[in-house]
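Structures are listed in the sections that come next.
Here subunit A shows up in two complexes: once beside subunit B, once beside subunit C.
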Partner chain A sequence: MTADYVAKRFGMFLVIVWLAATVNFFLPRIGGQDPVREKLIQQAAIGGNVQAGLEDMVAEYDAKFGLNTPLWRQYVAYVADMARFDFNYSIANYPRRVLDMIGEALPWTVGLLLTTTLFSWVIGGLLGAFLGWPRSPKFLQFLMPPLLALNAIPFFLLGLVLIYVLAFRLRLFPLSGGYTAGSFPALTPAFIGNVLSHSVLPALSIVLVSIGGWALGMRAMIVTTQGEDYVTYADAKGLKGRTIFLRYAVRNALLPQTTALALVLGQLISGAVLVEVIFSYPGIGTVLYKAIRGSDFYLVQGIVFILIVAIGVATFALDLLYPLLDPRISYRRA
Partner chain B sequence: MAGAVPVWTAQKRPRERGGRQEAAVATLGYVRRNPSLLVGSLFLLALLLFVVVGYLTVDPSEASPLSVRSLQPPSADLPFGSDKQGRNLYAVMVVGTPLTLRIGLFAGLLGVGLGASLAFVAGYYGGHVDNVIKAIVDVGLTIPGLLILIIIGMKAREGLSVNQMALVVGALAWLYPARTIRSQVITLKQRGYVQIARLSGMGGPEVIVRELLPNLLPYLGASLVGSVSAAVLASIGLEVLGLGPFEAPTLGMTLYWVNYNAAIVNGWWWWWVPPIVVIAVLFVGLFLVAVGLDEVANPRVRNRV
Partner chain C sequence: MKPAVLEVRDLRVHYHTSRGAVRAVDGVGFDVGEEERFGLVGESGSGKSTIALALLRLIRPPGRIEGGRIALDGVDVMGLSEEEMRRARLAKVALVAQGAMNSLNPVLRVNEQIRDALRDHGVRLSARAFEERVGGLLESVGLRREVGGMFPHELSGGMKQRVCIAVAMSLRPKLIIADEPTSALDVVVQWQIMDTLRRVQEELGAAVILIGHDMGLMAQAVDRLGVMYAGKLVEVVAVRDLFRRPLHPYSQLLIGSLTSLDRKSEPRGIPGLPPSLLDPPTGCPFHPRCPYAMDRCRREAPALLEHAPGHLAACHLYPREEVA
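Showing the complex of A and B:
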């Protein structure tokens, strides 16, 4: 049965990846013409734009895609390219390859998102658990209104305020970027410190907003578990408050929180893209923003594809972890 | 969204003996016990009031570039100052707020309408239809909508217009309502009165329209508010990325120009404070109303927030 479950989830993952590739291929072609070819010809017409290799590129694409062959043949070739993570060349930065540009930016985004997501999930969950538990200190309740308000605001909006207050007015942190311009990336303590101080504000704007959401969800779950018979029973049995809180209430409330983690990932990526743009953080979001402004179609397609695949992987991993957390659902579901 | 409260009242007081006045009193009393709904509605009303008063006190055409001197800090003439391209920022907020709301409302209605229809069909009939719809929704929800919207937005050379934007955002807004409403329909289907309706020979469409729909109205209301909020967020995201309507002074486009001209590090605070305040009030208001309506729709989650 276990193999069945894993196979099913993996199938789902493959469907997501295939869908991402297909959407990437067909959406831009809805109008009937091939925007890539159009863009290349348009740029060739402008000339002068330091596009030395453009003629090569047009020739290469014609040969590679067979732009005059039937659509389905182009589609097959495209999917084969995607499966090999071959995203071709950047249009605005020829002859740089799209994959290299993404590879440079991806560690920044993954680092930022992984730390902020896990951090706010843990802290927000703990906070919510205490907020929902009747025996925790009363002063905690004062945290609710600010948490509520922060939770409703988009990441980048808070980011703008943080830039102004903490970076522009108080000068505590750098205004933008991933490290001081001109400094040489290396694994030295000085450079790592530099990177960290640049990451504080983007991270803070994601963490402050998402903590509220996690806390609210956890609080609601804890309040619900209090009405459950097994909590009443544990209480009647004379178990210590701490034990009931951790083993009965929190353990059960943890499940929906984990499910939500998978769902939130998608929105998180979208939100984080804008945070990076606001802070000029050298991650995927900023590359995407520049690609959009430069009409760099291949770069945009590559980023969209990579991000969707990354989310697919994360969802798949969570799906596999989920039965470990909840023995009840196990792998039974066919 | 305001229509949801009387529905609750009607459920709670089935006899309606006291007539309208008593119902109004009961509604007021309930609103007092549901502070999120009250505060949220007040936030949204305040925005509405701002727009109405704004249209009476400022010439909307000053929201376009080159209508006033550029980069003026707030003064008696220009209460919110002006931006680098010479827009009167007060006029921009007055014109932009309803534009952004229009995108959100249109996309939200499209999303909930489409999502609810699919959810009713999937949840009520079950079987293969349900499996197909559920699979599509599950896969669709995994893919971040903003990325798909970006691909579509790239097609429009001069940026999307306000109406195109609403349509495009709405085209993806049905996934989440479809999932949540479907699970509500499935629980409701098991109730006694639905079973009785079916046993007494009511057909599927009739059961959906006459039994399920009225009982889910408050829930649909909460769902609509959530969708509007998500649609506004998506549209602002697209606009900040530079895929929005360049000729329209929406809230998101204002933020795009703020970012484009680095208004923050140049110290032009009056340029970015108004849109941030308006957007924050809008999102907090919508969120509180959604939470409040959730309580109306599902009394078991009362005191959740």
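Showing the complex of A and C:
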């Protein structure tokens, strides 16, 4: 039964999220850091204040954040909060709420990474398919070395090169940020243009690097399908080259590519950290980076929880999608 | 014999490897008459399947058709353009492949795969008419219509091979090449498939080239048989005559290796191994294993000559009887 299959997969999804969320709770706390004290000391140091009353403030805030209760109580409260998507206040940015901070940053990240990932998946996949197909034009082969080279460069390195050449030297694009500081976010053509020009470099560094990876993966799969009997037999049936390419080779090579895409989509946010930090992009990666540095438990928890749910949803969606792509995987024997 | 549907002359196919050219098919020639069932037997690596692919011009690098002439229904196959050749496949000459297990695309339904074949050969029909045609094809190979809506993994090996036969007959070709069509099937299913193939052939009036290594199966299924050894045809003769009076020592040993219900003897094998086609022996390729090998066999390759009416053999044991 299909409903049965979906129910099972959904149950699996819940279990995975719960397990990961539990790890997410305990891991930062094992570190033995004291976020409130650290933040207050940091602020005291900035202000040059004497530390009068610091301990009182620490105790006060700990109580406010519930950090003075036993661990198991915190855990119960945490699970209950997570289930309601209530991520509490940010410790470092009190009184801002974690959910608001995530909500502000998420569209930037999703906008940048979802677009670039899907774009490079499609383009890289097509490129790889043609590269692996013996009957495609020979000049395509010249694309292989640059693709291989780009694939080997970490994208933060490529990002730095792009910043130096295109932004710093040639001044074609802005150096950093999501939009020009001081301009107000609005749905005007000017502002949208501003956002786009800011996103070109980070997008380019991601696309250039990942296209190579997708192309290589697809090429390998297409080459593998060449050896399959059904492709040889498709030739013997006198099918047109285009039919064989699309319906026999690409269609079968698509299965592992789709799996890889779903996994990458799930890791979108964590993959964003480096790019965003380099380009000071106002996305979730930058927020996560700052939260970890400031031991902001709640903020880290919130972001990581979103991350977990994203990966879980991606896997769940893949589970639902896969039987449609590959009839050999049935809903029944789940 | 009825006029030939297929004429093959001096066909040579080489696979180019880093250690030199492998002469997989080395100067093979034979005719197949209209509605004739012609068999090609030989051990693994003797070039049988390469001939099948060469007839469809499907030899892929590093393989290459080095020379020879293939005339299919009076048309010079080697002279066709790539697009003309594509259209000739299935329409003129169809293949029922070896290892039907993987011959079907795992992600497409059976009827889609048959429809692909029809459509790419310019058959334009409405969805309903397609369905009707595919259903009819499936029924004529002994499958239920509903099989069309199934995926290959939902079919048994025998059913898959039937689907392949249905595809092969879909455009009523003049020639069907069946390359070990029953190699992965059990004996009962083997028999059913051979029976289906025979019925389809009779219905279409097509010629069939059956490729295999099972002499017993061949004896039942074909009219005439070509025995391959090391990329060459060593004997071509009507099946009955081959079993009655095999001329070539290889054929004799091959038949001697069969088990029999009448004889109470251990089946004998043929000592030695087939030669490397990269560096074949001088003269007759069979001489290192031949019990009757003479000096001449080591020096001079024997030609395939007619020693009795319709009985061709390539062996120095038989004095030249210039027939023509």
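Basically, the second predicted complex is superposed on the first by the 285 of 334 C-alpha atoms of A that agree within 3 Å, B and C clash if a C-alpha of one lies under 4 Å from a C-alpha of the other, contacts with A are read in each partner's own complex, and residues count from 1 in each chain.
Just so it is clear, a residue touches a chain if its C-beta (ideal position, glycine included) is under 8 Å from a C-beta of that chain, and two chains touch if they have at least 3 such contacts.
All of these numbers come straight from a predicted model, not from anything done at the bench.
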When subunit B and subunit C are modelled together on subunit A, clash or fit: fit
Partner chain in contact with A:Y94 - subunit B first, subunit C second, else both or neither: neither
Subunit B versus subunit C as contact partner of A:W108, first or second or both or neither: neither
Contacts of A:W133 with subunit B and subunit C, given as first, second, both or neither: neither
Angular separation of subunit B and subunit C about subunit A, which is computed from CA centres of the superposed model and rounded to the nearest 10 °: 70
Subunit B versus subunit C, judged by how many residues of subunit A each one touches: B
Which of subunit B and subunit C A:I311 touches, first, second, both or neither: first
Touching partner for A:A236 - first (subunit B), second (subunit C), both, neither: second
First (subunit B), second (subunit C), both or neither touched by A:F245: neither
Smallest distance from any CA atom of subunit C to any CA atom of subunit B, in Å, after fitting: 11
List of subunit A residues in touch with subunit B within their complex: 12, 15-16, 19-20, 23-24, 27-28, 30-31, 35, 144, 148-149, 151-154, 156-157, 160-161, 163-164, 168, 175-176, 216, 219-220, 223, 263, 266-267, 269-271, 273-274, 277-278, 288-289, 292-293, 295, 297, 300-301, 304, 307-308, 311-312, 315
Residue ranges of subunit A touching subunit C (in the complex, touch as defined): 134, 228-230, 232-240, 243, 247-248, 251-252, 255, 325-328
Subunit A contact footprint on subunit C (complex, rising order): 56, 58, 60, 86-91, 94-95, 97, 99, 101-109, 116-117, 120-121, 151, 153, 164, 167
Touch list for subunit B against partner subunit A, complex: 138-139, 141-148, 150-155, 229, 233-234, 236-237, 240-243, 255, 258-259, 264-265, 267, 269, 272, 276, 279-280, 283-284, 286-288, 301, 303-305
